[in-house]
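Before anything else, here is the set of structures, which you'll find just below.
Two complexes are shown next, each including chain A; its partner changes from chain B in the first to chain C in the second.
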Partner chain A sequence: MASLTLDKVRKTFGSVEVLKEINLTIEDGEFLVLVGPSGCGKSTLLNLIAGLETSSDGEIRIGDRVINNVHPKDRNIAMVFQSYALYPNMTVRKNITFGLEIRGVSASERDKAVDDVAHLLQIENLLDRKPSQLSGGQRQRVAMGRALVRNPDIFLFDEPLSNLDAKLRVDMRTEIKKLHHRLGSTIVYVTHDQIEAMTLASRIAVMKGGILQQFDTPQHIYEKPNNMFVAGFIGSPSMNFIEAKLVDDNGRIAVTFDNNGQKVVLPLVADSPESYKSWVGKDVVFGIRPEGLTHKRTGSDQPGSQYVNFDAKVEVIEPTGADTMTVINLGGKEIVARVRPDRATNPGEMMTFSADMNQISLFDPTTELRI
Partner chain B sequence: MGASSSTESNLMASLQRNLSKIVVAPSFAASLFFVYGFIIWTAWMAFSKSRMMPVYDWAGLRQYERLWQMERWHVAIENLLIFGGLFIVICLFLGCLLAVLLDQRIRAEGVLRTVFLYPMALSFIVTGTVWKWILNPGLGLEKMMHDLGWATFKFDWLVNSDFAIYTVVIAAVWQASGFIMAMFLAALRGVDQDIIRAAYMDGASLPRIYFGIIIPSIRPVFLSAIVVLAHLAVKSFDLVIALTGGGPGYSSDLPATFMYTMAFQRNQLGISAASAMMMLATVMAIIVPYLYSELRGGKKNG
Partner chain C sequence: MADLQTYGQDSGLKHTLLRGLLYLVLILFSIYYLFPLFVMVTTSLKSLTEIREGTLISLPRVVTFDAWNYAWNEACVGVECSGIKTFFWNSVQMAVPAVLISTILGALNGYALTKFRFKGANIVFAMLLFGCFVPFQVVLLPMSVTLGKLGIANSTTGLVLVHVVYGLCFTTLFFRNYYVSIPDELVKAATIDGAGFFTIFWRIILPISGPIIVVSIIWQFTQIWNDFLFGASFSSGGSAPMTVALNNIVNTTTGVKQYNVDMAAALLTGLPTLLVYVLAGKYFVRGLTAGSVKG
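What follows is the complex of A and B.
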């Protein structure tokens, strides 16, 4: 187990720059999730750490050791692949011990290591089978066993759950999390699924176009996204963006936007950042998550409340059981509100919504950065 | 009116239903007659007293007895074992090696692949003729070496009755190994790249990755390649005719050339038919277990 540092790491393929100056540091025992849409460079970054590709510039360190020019087998890392990449001609036992055998570990030690790992992952009864005789979930366990048995400093996971069906994916996700708690190992995990990122990570690195967009704890990324991309990518349903204007409303800063001819004015909470003042009179993008936009809350009529009410016509409702997603149309854009089922109304009716002004984000419409 | 149009539409409907059967029927009938019909006819001939012309008198196993008493048949069988064995082993080895080397994401792979595969596009007659020129001591390789000044160079396998069969092996390997390479290359390309990367991270060297993991996992291709090569070996005819003509003497005869000689030059239809049946039995011994395992495997996977 060890910390991992990426210092100004760049990667170019010919003239194409796929990674631009990535700086990341995770401590020993942290669970880092690299998340982003396909083509964002997250898998390339993982391959750089694994040593399957070499970086064009910058330094990669495990602990204090620079590993840029160290052969993958000497980096003391292990990787779990998306396709599991089990050796099809070997039994599960051989698959798990192959790496140990090459490293010259004695047969008795190998047997003990396999037994330990098999017990941990509950695959004892599968040890003498071939990979083709296993289900997807079992293959996934074997692939993890093959990584675990080496007892590496850092585990790398390359979209390990994307080949599993939805139910199994949730189960395996929990299992990986448990495993991490139990072993306390350092993990770098690549996924395009933001839910996996949120649930697993101790810190998330959101990437897009080879650029690190934000690197922080899941909760902070969720609540205070750096830019509109991160805000839209993390969270499901994703954050609502409304084109709005900041105005001075009787001494308080307020967001105002057009609601089918009517002006909606939502005063900000009193302890809003000072920086908002310089944006008064300018266009902004008002971002609010669906759960910040609800049915009318108690106490929302009192002055100074964090909840502000406005009326809008319901277009579509999508019941999910726990909540009813209510779609309204504001300024030509579809906006989703998360409403308690017993307070939901039918499409076509007017309804009073409460916006939780503690849960808002404002973005610069041109740079898309957080204000 | 109404009645006739309904019978017409009935006719059209039944035509549509049976269209595939109608289309296939002529070729089905033709292959039934020309392939299986003549196999049966040949089998019958082998039990007859036929010599120059086919006669239909029952002679029991006499033609087979005569066949196995001929020294020339034994030479042909022995040649088939030498030729078939070497041909299959060398083709598999070279094909596999070329495929592994081509699989290293090298430059100009497309060109090289075509170069290696191209001999398969030639007919065996052409291959045989070209190699006859190359191996002819007075014309080809030996002559070239002599002209270059290496006067003691000797390479006369083509006209040496002990070695003539090996020239057939050389030409056949040249022709078929590219095809085997293509088969292996396709299989190698089907192997998940992540497996190679996983093994690489496990610390395995490249030869170990190939011989320990990749090649064992494409074992079915070996079986297919052996079947393809084996049947090529058994039915080899034109290559021998073009290259050595079965000679010197009959030292490079194969069963197929033996059969041809017996039927059309020596007026021994019965012996010829018996040797044809022996070849059929050999091919069946290879193909039937293969088909059996393939079909059973298909059922298991399906």
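What follows is the complex of A and C.
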């Protein structure tokens, strides 16, 4: 177990800069998830930590030890790969103990270690099979067993669940989380699935184009995204963006935009940040998550309420059971609202919605940064 | 399977005719290719008098293995009349080490070219590939100079070196294409497990290379065993491989031409490659196509 520090880490392939000055620090026992779209550099970053690739610049530390020039086998890390990378010619037992054997651990200790891990992962009955005789979920467990048996400082997971079917993925996700609670180990986990990131992480690093976009706790990233990319990437369905303008509405700052010739005015809550004042009269991007747009709430008519009502025509409804996603056209854009099923109406009808002004984000339309 | 048969039945007369034509062509080609073998085998089993009296395609009246025995133990190669057997062992001593060494080196090359990609790996591979297209005749003179300088001219060791060098291009190509389809993550996992270059090779890569090893062995064995040019150029007298000896038996006999002995000697020479292919042939096709489809 150890902390991990990345200090101004850069990586270039020829003239292409795939990682630009990444700074990250996680404490002992944290679960860091690197998330981003394909090609954002998250896997490269994981390979740098593993030592499978060398950084072009900067420092990587495990605990207090600088490991830039340390061979992967001496970094005391273990890695679980997307394709599991089980050795096809060896039995499960051999697969799990291979690393110990190479390190000269005695046979009796190896047997004990493999029994412990097999018990933990409930794969005792698979130990004498070959990887080709295992199902996807079983291979996944064996791959984790191979990492666990070494008792490393840091576990690295490279999209470990993306080859599993949807049901199994959710089960394994819970299992990984349980395992983390039980072992208290430091984990770096790469995924492109934002739900995995939200559910597993103690802290999330959102990446795009080799740049670290935001590094924070899942809840903070969800509620206060640094920029429009993070806002749109985290959360499903993703955040709604409406081009709008900040105005002074009888002494209160309000967001206003045009909706099919009608002006919609949504006054902000009283304790909005001071910084909004300097944006009065300017264009902004108004961001609100689907759960911030609901059917009409009780008390929304009272003055000073955080809820603001407006009417809009329902275009499409997508029932999910728990909620009905209602698509409306607002300010020329398709906007998703999350409505209680018993309050949902049919497509084509007018409906009154409440916007929860406590759940909004404002962005600069040119830089796309949070205001 | 059952469905396919139903489809076959209701396609009518045209289908039957086309089928018939197909089989006719196939049978004709089979006869065309098998006929020389038939003549060789029957001739080798006849006595000389029967060959003189009968026709080329007649079956032997009395089957005798005298010619085979004579070819193996007594036929004259040059002035030495102890049969082709000593030369058979020459070929074995040349082919076995050459096949094994070139296969192992090819596997190592392929492994290094795909899994430990160094700067210029593609250029090295392209140049090795180029070696596959260099005709035998081009290397004769430089090779003989090299063998002379190394002091292994006219020896089986020299022939082994020649065949290893020449075969390396092909074996590297085989193994490289096979290893390209093996996921890199396997090597990464083993690296993190603490295994080095050779440990990964011996413990993980080689054990899953079965099909392509068979391909390499069949290919190399056939090439090296059947080679005549290098054998004739870089060996002499007692160290010559079997193919060269066969040529000497057939071309240097004085007096009556012993067709049955010639045929028996030729069959003996061809037998080992045939045997290797029969024993491992199914792996050959499997290995050749293994790299082409992922998974």
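As a working rule, the second predicted complex is superposed on the first by the 371 of 371 C-alpha atoms of A that agree within 3 Å, B and C clash if a C-alpha of one lies under 4 Å from a C-alpha of the other, contacts with A are read in each partner's own complex, and residues count from 1 in each chain.
Convention: a contact is a pair of C-beta atoms (placed from the backbone, for glycine too) under 8 Å apart; a residue touches a chain by one contact, two chains touch by 3 or more.
The structure displayed is predicted, hence computed values, not measured ones.
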* Judging by the criteria at the top, classify the pair chain B and chain C on chain A as clash or fit. => clash
* Is A:265 in contact with chain B, with chain C, with both, or with neither (first, second, both, neither)? -> neither
* Asked: Once the shared chain is lined up, is A:78 touching chain B (first), chain C (second), both, or neither of them?
  -> both
* Pick one for A:280: touches chain B only (first), chain C only (second), both, or neither. => neither
* First (chain B), second (chain C), both or neither: which does A:88 touch? -> both
* Asked: A:195 contacts which: chain B (first), chain C (second), both, neither?
  -> neither
* To do: Considering only the touch criterion stated at the top, classify A:70 as touching first (chain B), second (chain C), both, or neither.
  => neither
* To do: Give one of first, second, both or neither to describe whether A:103 is in contact with chain B, with chain C, with both, or with none.
  => both
* Looking at chain A, which of its residues have contacts with both chain B and chain C? -> 50-52, 72-73, 77-79, 81-83, 85, 87-89, 98-99, 102-103, 146
* Asked: In their complex, what parts of chain A are in touch with chain C?
  -> 50-52, 72-73, 77-79, 81-83, 85, 87-89, 98-99, 102-103, 146
* Going by the contact rule at the top, pick out the chain C residues touching chain A in the complex. => 183, 185-186, 188-195, 199, 203-204, 207-208
* chain A - residues contacting chain B, complex -> 50-52, 72-73, 77-79, 81-90, 98-99, 102-103, 146
* Name, in rising order, each residue of chain B that touches chain A in their complex. => 192, 194-195, 197-204, 208, 213, 216-217, 219
